[in-house]
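Below, subunit A partners subunit B and then partners subunit C, in two separate complexes.
Moving on to the complex of A and B:
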């Protein structure tokens, strides 16, 4: 399965990157391909490309604040959680993403 | 009602606005702090030849901090309505400023401006030939005039009364009530390690700072600074007591937790606290309580001019810098000692169990599928 997404938090220096790391670790552990773009105070890093979004099975947004470029995901299955959920329960979250994708197919 | 609150997303919009506000307050806060430290005073206008370098600094910073209601209103309106929200947000923020509704007025005005812009975008239908007028005339004009007038004639006055009352109340706090207020703030700022309670307390303290009351936000942030360092100190104290309180993994984590604390990033302590949430919260809460109480009572509610920065906040506290340092030290010491004492000694077997510990279940409320 291919997961892409965005993480962004209020202050934009800590939760953003913790969430990115937790989701990436949890997804890799179950053999998923994963890429999380971070929108911190420093700006956008690890930017998702058009192809990556096109190929993704599901989009995960771990965000507490308004993000830029949400329209890129038009037509895709998008799941939104707070960064806190992603940091506290990344494995459960990834499991949930799998469930959602399977239900779709 | 619950559904409505979730849809309205009050907190999300406010947090978005705060995320734009913080760099502005930090930048301007340090500029004004340097200016004021060398005797500069913030002026309403700088007349060529009539001011010195430090007055220039104080004025640059002071003017910016005076714009905070405008910035928060613009941020909220932008978060609600996107780009079309910026113009009415800006206008309503200035309206809040002129009717002395302050930061609270800016927050309320931001929601109003954002929702009006959103509603105009959604419900005002124009013929095709007028499509070009929508973004250039119709949305900005309608949203600006409506939200501006609502601010000036309806909510401005009661909010300005409330702001004046709250400001006077907090400025008038004496020794004991300052001590209690500080202690409560210290606890609130740390019980969830950068989570929703912390952010709510932060929004409140930031509101007060925009009104010129610097103590609360300083109390809050110095706790955020001290707590991760306190967990580091707990390691050393436990060693002295011949106790082993951290796993290998946690000791590795501590190496980044402590420096993160120095620059005010409390979230660094999350991986540590997660493994023993009750004891972690007790240690951090007690530390925060002492810090807040010391700071608010000894500095008489005064604080740093910046709302972020860890140890870098101390120089902006003027003559109270030593109170800040004392407060941080007390917090580090209390958190460190308490955690080292109450944390159970762990053996290698425990370490394994700890690693396999179940994650918290995600509640469906937390997930939004679109």
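Moving on to the complex of A and C:
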């Protein structure tokens, strides 16, 4: 499965990147392809390309603040959670994403 | 290469091991004082104020006995990170039921435009805190070198 998404927290220093790491590790563990864009104090990094978004089976937004470029995901299945949820239970979150995608197909 | 620069980025002077404190207030104060002594901040009081502002926004205990409070304030002269390994776990609101035995406190200036490179290191560092291997090692750290070695994982 291909997962892409964005993480962003209030201060943009710590939780954003922690969430990114946790989601990526959890997804890779079950053999998914994953890429998480971060929108933090240093700006946007690991920016998602149009193709990556297009090819993704599901979009995960682990965000506590308004993000830029949410319109890029129009027409895609989007799941939104807080960075806390992503940090606390990344495995469960990825499991949930799988469930949602499987249900759709 | 990234690994090497991460080591350089950690300041041994802002790493404290075997810290004997009993409350969150105490540990934040000890670290703020250390930041002041090492020239990271101008005002202990203002910096502590900023840390508590952030605490109000949500829990900073990220689970697994680690807390990552942070303060963003004008009083910060140099962006940095302090790491305190406590001699015992203290109470700290967290994402799981654990408290804090490892406290990682970030200090960030309000105007960080000129410090992009450094902030980038901070983000690399924050990602490391999402790795269980790093945390397991940190929890057992007895010396400043142990702490630095943890981030080589």
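The rule is short, and it goes like this: the second predicted complex is superposed on the first by the 105 of 105 C-alpha atoms of A that agree within 3 Å, B and C clash if a C-alpha of one lies under 4 Å from a C-alpha of the other, contacts with A are read in each partner's own complex, and residues count from 1 in each chain.
By our rule, a contact is a pair of C-beta atoms (placed from the backbone, for glycine too) under 8 Å apart; a residue touches a chain by one contact, two chains touch by 3 or more.
All figures in this text were calculated on a predicted structure; none of them were measured in a lab.
Novice: In the overlaid three-chain picture, which partner chain does A:14 touch, first (subunit B) or second (subunit C), both, or neither?
Specialist: both
Novice: Touch test for A:25: subunit B only (first), subunit C only (second), both, or neither?
Specialist: It touches subunit C, and subunit B stays clear.
Novice: Which of the two partners, first being subunit B and second being subunit C, lies in contact with A:100: first, second, both, or neither?
Specialist: first
Novice: Contact-wise, after the overlay, does A:79 reach subunit B, subunit C, both or neither (first, second, both, neither)?
Specialist: Only subunit B is touched by A:79; subunit C is not.
Novice: Looking at A:1 after the superposition, I want to know if it touches subunit B, subunit C, both of them or none. Which is it: first, second, both, neither?
Specialist: In the superposition, A:1 touches no partner, neither subunit B nor subunit C.
Novice: Quick one: classify A:38 as touching subunit B (first), subunit C (second), both or neither.
Specialist: A:38 contacts subunit C only, not subunit B.
Novice: Which positions of subunit A sit in both the subunit B and the subunit C interface?
Specialist: After superposing on chain A, subunit A residues 10-11, 13-15, 18, 41, 64, 84, 87-88 contact both subunit B and subunit C.
Novice: Sort out for me which residues of subunit A touch subunit B in the complex.
Specialist: 9-15, 18, 41, 64-66, 77-82, 84-85, 87-93, 96, 100
Novice: Applying the document's contact rule, which stretches of subunit B touch subunit A when the two form their complex?
Specialist: The contact residues of subunit B facing subunit A are 12-13, 15-16, 18-19, 22-23, 78-79, 194-196, 199, 260, 265, 267-268, 270, 274, 308, 359-362, 366-370.
Novice: Which stretch or stretches of subunit A touch subunit C in the complex?
Specialist: 10-11, 13-22, 25, 38, 40-42, 45, 64, 84, 87-88
Novice: With touch defined as at the start, can you tell me which subunit C residues reach subunit A in the complex?
Specialist: 54, 57-59, 62-63, 68, 70, 72, 95-96, 106, 108, 112, 116, 119-120, 122-124, 126-131
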